[in-house]
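Next come two complexes built around chain A: one with chain B, the other with chain C.
On to the complex of A and B.
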């Protein structure tokens, strides 16, 4: 690691600690007690670690997807919608099939990936075919996904046992096996880590990854070298959506055990921060997702134990993003808006 | 449809469109100066929250409005400062600001009012909404003129197209970008004020509901011109108004479809708009 990025991380960490202390003092809580509660909530025991890992998983899938699009120079802010549609398709398929559990779980993840890929590919196709700006299209698709999901689960797909805007419960056999018994940490985490490794390989070592990075970093040169920018846009958005959709499938099969339109409390948006803090590098994104996952679960514990509102954590996350943004190399890696 | 119905629909469209219009003008200004403005949503949130807060304590909605604009400007200044002096990635900084503002407002609700989700009712300016609507339209026209016909506008555009040439011509691109970002924050903040004290009389979590991002879409659809962005913002307002008007009147149309109407329309418009969108050349690129 470069000295500069070490320095930036140090400053970032110190800034986060200072900001959290301020938030605690403002809420009339001693920072010592507060940090105690925070760290206990994030890492204090089996249940706490499991919650951290569950949040990590929920953020990691969409963050990896976002990194694909950003590396291709596409500003995909539609992970939230892609995750929702992926989860919808996964949750629907899970209640419709009757196969051995391992096969069913594989099918649920594939359904999630397909749903997300389809939703991402709409934006990719609009970009490829009509030159449509992906910022607008992915944003609009987020809103449309929310309406579509609500319409389907309250209308045509309405479940007899639904208490809210949700589908039926998955058969118990299809619930993801847990890593730690009786917790929400499931095998979705190792699957996400494998996806990160695979993504790193694809980006760094394959022809597809090379074209994708070339299109992101020097589109004009890539075009002159015979790379079809339209095809890169279509496939990058599809794969980006596929990973976000797998995140939706993981939430459905691992946490809620059914599809609900309130599946994601904004994971798709926080994942943008995770991807950027991770410098759009798959392995660094895993670390960033763990940090954000710990903030999410520690923040909840802080709220319960010390009456510091959980929303303070979003301020902390924002400051973290801001501080780490000082690592200047981000700009060189294909993140360009519009 | 009778004439009065059409008129009330148009009136509703103007009211719904104005907050988006104001924020989109800010977006045009900062992007033409070379700063990508993902932070409009956060700036609107900050403006709305500050306005409700100040109006609650001073019991004067106009002081609240001024406060909201000032806080929006401060947020815009922070974005501009980070983007120019620290040279941080503007998109990253903007995302960070959005998180800080939405989280900060939610935290502030509990910290100040000791209740989650929503402020108490505050003195508002609901009766005097129309001056603000008209102000928005006048601002759009004035900005259009200023950007295209005045030396200041030329300088601002130069910083967004080619800051090195601007520098050579004796302009300080860092200062221009910083101030453009602050004014953009003020305009987005005014959009938030309009929502909190104009349409409603409180701040509640999630009340901006993506309008800052819609404003960003309006900037791009409007091809980075003030009148273009304003027009698109008002069309969004009209679609929202239509959604209200149609709700419950057409039995076979699911209400969720009406909810999604503005966004579906935007997607279809994207299909039709085959012309390339060309953003300012140096947008998003740190200088020097």
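On to the complex of A and C.
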């Protein structure tokens, strides 16, 4: 598995470099100048590095969540919705409490985790109780989450002082402390890294993690050994959603300082790629998240400096997932054929 | 796989090729039939060599005659001459005593009949030699007899038949010569009259067969009681009981409700009726690779499956040292041969994998054991280990439900045998007075 993740990352990196070169050539930009702009945008200075780290954080939480579900054999593609509901609950709670900042920040993260867990658990419950395909239900729950959030922020929860459809600003004391002053890089990053370590420990060392992996790896053997697949589905989806929801809380408390429906530009989807590139191993996912974070911030710079559309970066990310999925599928098929 | 092997099969003879799993029998058959190629050496054949695989290669959605003539269909202009094909298949069947309805759809046919279709397909090509790879693996005793009478008819017609098997009963009942293969080398070859079963078995495993502890008579209390069990679609009104220290054998042709019975007892499928059984239960599932183990995981992780909560001893954290000790205990007591307990299970032979599965089910001395084809597809040595461990568990007072498609296994281990056919019990044989013919008839519910 370790070697697998390293290999996946190497292949991925090479593929991305090749695809980016093609995208630059297609936009009549010299790849040398293009990569120069890209790397400057991603790592060129304090502000750039901070942007990269902020994107890394935003991707890391949902990617870890997705890894939990995938390891349990559940294709959770609803991280975006889970992140949104988590952010909504976190943003709402943050404007309603009056406690010391450290406590408030903890509460905001817990609210995010609860919101996401609840949203994930809906799909988990549908799977456990009714056998509903989680791909469909998580995908649909994304739309429901977006509509629900929009309804709440334009209606019942709309801030009296807000200009658009959004909640009130969090008290300044509850904003996440920054790692680099005057930037968007906040202590959410070390929190996400701790979450990755915790996840690794849970998967490798606890009976819950063992059951989760067994259910994902060999559901029939797990079921016959007395592991309840329904219970695994419910809890895996809940924890999966909880991590995505913490990502939402981190965006609310660390970047926007309030909830609005534009919270995530699709982090929950890009995170699927991050999780797969990281081979579903928590620590490798941290590295993958950094790479994708750099792609995000470098891609913006590339667009500004060289007029290579940022969408090209997203196309590349999509191709990467596509390639990985195909590789996995072909690999799995090879095993069965033996 | 094979090293300097020579083999002859003469017209009109039945030649048995025996050996343990992995000895190279199927490889040799594939080379002889021209499906595989050898690195060195050659195959000399006088006429065609037909090969009937252990796992049938029929097309389920086609009917019998379509399967038989596939590849050399009688034609009429651009279409298949159906009448000629049908007649051809019918006549072929009559000639060899393989009677099958040419228009039956293969997917509707039971295993025994499918095998006839396989045979017909090979015979349609007029082979001078026919190789049958484990032909009786899925047949009931009656069907086995029928198959061998067909084989006898083939040899009368001058066809040489090479039968690959590991069932020595069949070898000694029907074959004229026997060749024993071990690890790709021919270790014994003689006319059947000049060799004993003991010698063949010894040649197959290259040593003595591990001894099985004797049956001790026990009179335990009934601990498993099934009353009027109904599993919709598979089991109708089945009642049975098992006493502590008793092995109840369930004889039957595959697909007659055995899986539903095992699942209901294990609590894996909904049922009507009542089941009383001890909470401590050890299960040896039927399909090792799918139902029992996670092949890519280590022995330690596989040994933990189903006991992971116990390995955590009330905390969240699995006690790794204890889990390793537990795995080592299984490996040592059940003679699992491995280089390391951290090796992926898939690197072990089937027999050693199965010993781990059996060890996992028995190590805690459960009061009730379900063993479903516990030795399917494993070698003689591993089979003996599994059998003696099951008997040892019984002698310690476990109630054991043994479901097996191998009558020999049931006869060797059971204290009592019930016969299951079409989801109901059709007969019971007590006091170890087992009548093979009567059981065979009940299995097909004749």
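Annotations
One rule holds for everything that comes next: the second predicted complex is superposed on the first by the 304 of 338 C-alpha atoms of A that agree within 3 Å, B and C clash if a C-alpha of one lies under 4 Å from a C-alpha of the other, contacts with A are read in each partner's own complex, and residues count from 1 in each chain.
FYI, a residue touches a chain if its C-beta (ideal position, glycine included) is under 8 Å from a C-beta of that chain, and two chains touch if they have at least 3 such contacts.
It should be emphasised that the depicted structure is a prediction, and the values quoted were computed from it without experimental measurement.
Using the contact criterion defined above for the overlaid structures, shared-chain residue A:221 touches chain C, although it does not reach chain B. When both complexes are overlaid on chain A, the residue A:262 reaches neither chain B nor chain C.
Chain A is touched at more residues by one of its partners, and among chain B and chain C that partner is B. By the touch criterion defined above, A:30 reaches neither chain B nor chain C. By the touch criterion stated above, A:210 is placed in contact with chain C alone, chain B being left untouched. Legend: residue contacts after superposition of the two complexes on their common chain; A:148 is shown touching chain B, with no touch to chain C. Of the two partner chains, chain B is the only one that A:311 touches; chain C does not reach it.
Once chain A of one complex is fitted onto chain A of the other, the partner contacts of A:321 are limited to chain B, with no touch recorded for chain C. On chain A, the surface touched by chain B in one complex and the surface touched by chain C in the other have no residue in common.
Contacts from chain A toward chain C in the complex involve residues 205-208, 210-211, 214, 217-218, 220-227.
Residues of chain C that touch chain A in their complex: 266, 268, 283, 285, 290-297, 301, 304-306, 308-309, 311-312, 316-318, 320. Touching chain A in their complex are the following residues of chain B: 36, 38, 82, 86-93, 95-104, 106-107, 110-111, 116, 210, 213-214, 216-217, 220-221, 254, 256-257, 259-260, 262-264, 266-267, 270-271, 273-274, 276-277, 279, 283-286.
The part of chain A that touches chain B in the complex is made up of residues 23, 26-27, 75, 77, 126, 130-133, 135-137, 139-144, 146-148, 150-151, 154-155, 270, 272-273, 276, 309, 311-322, 324-326, 328, 330-331, 335-338.
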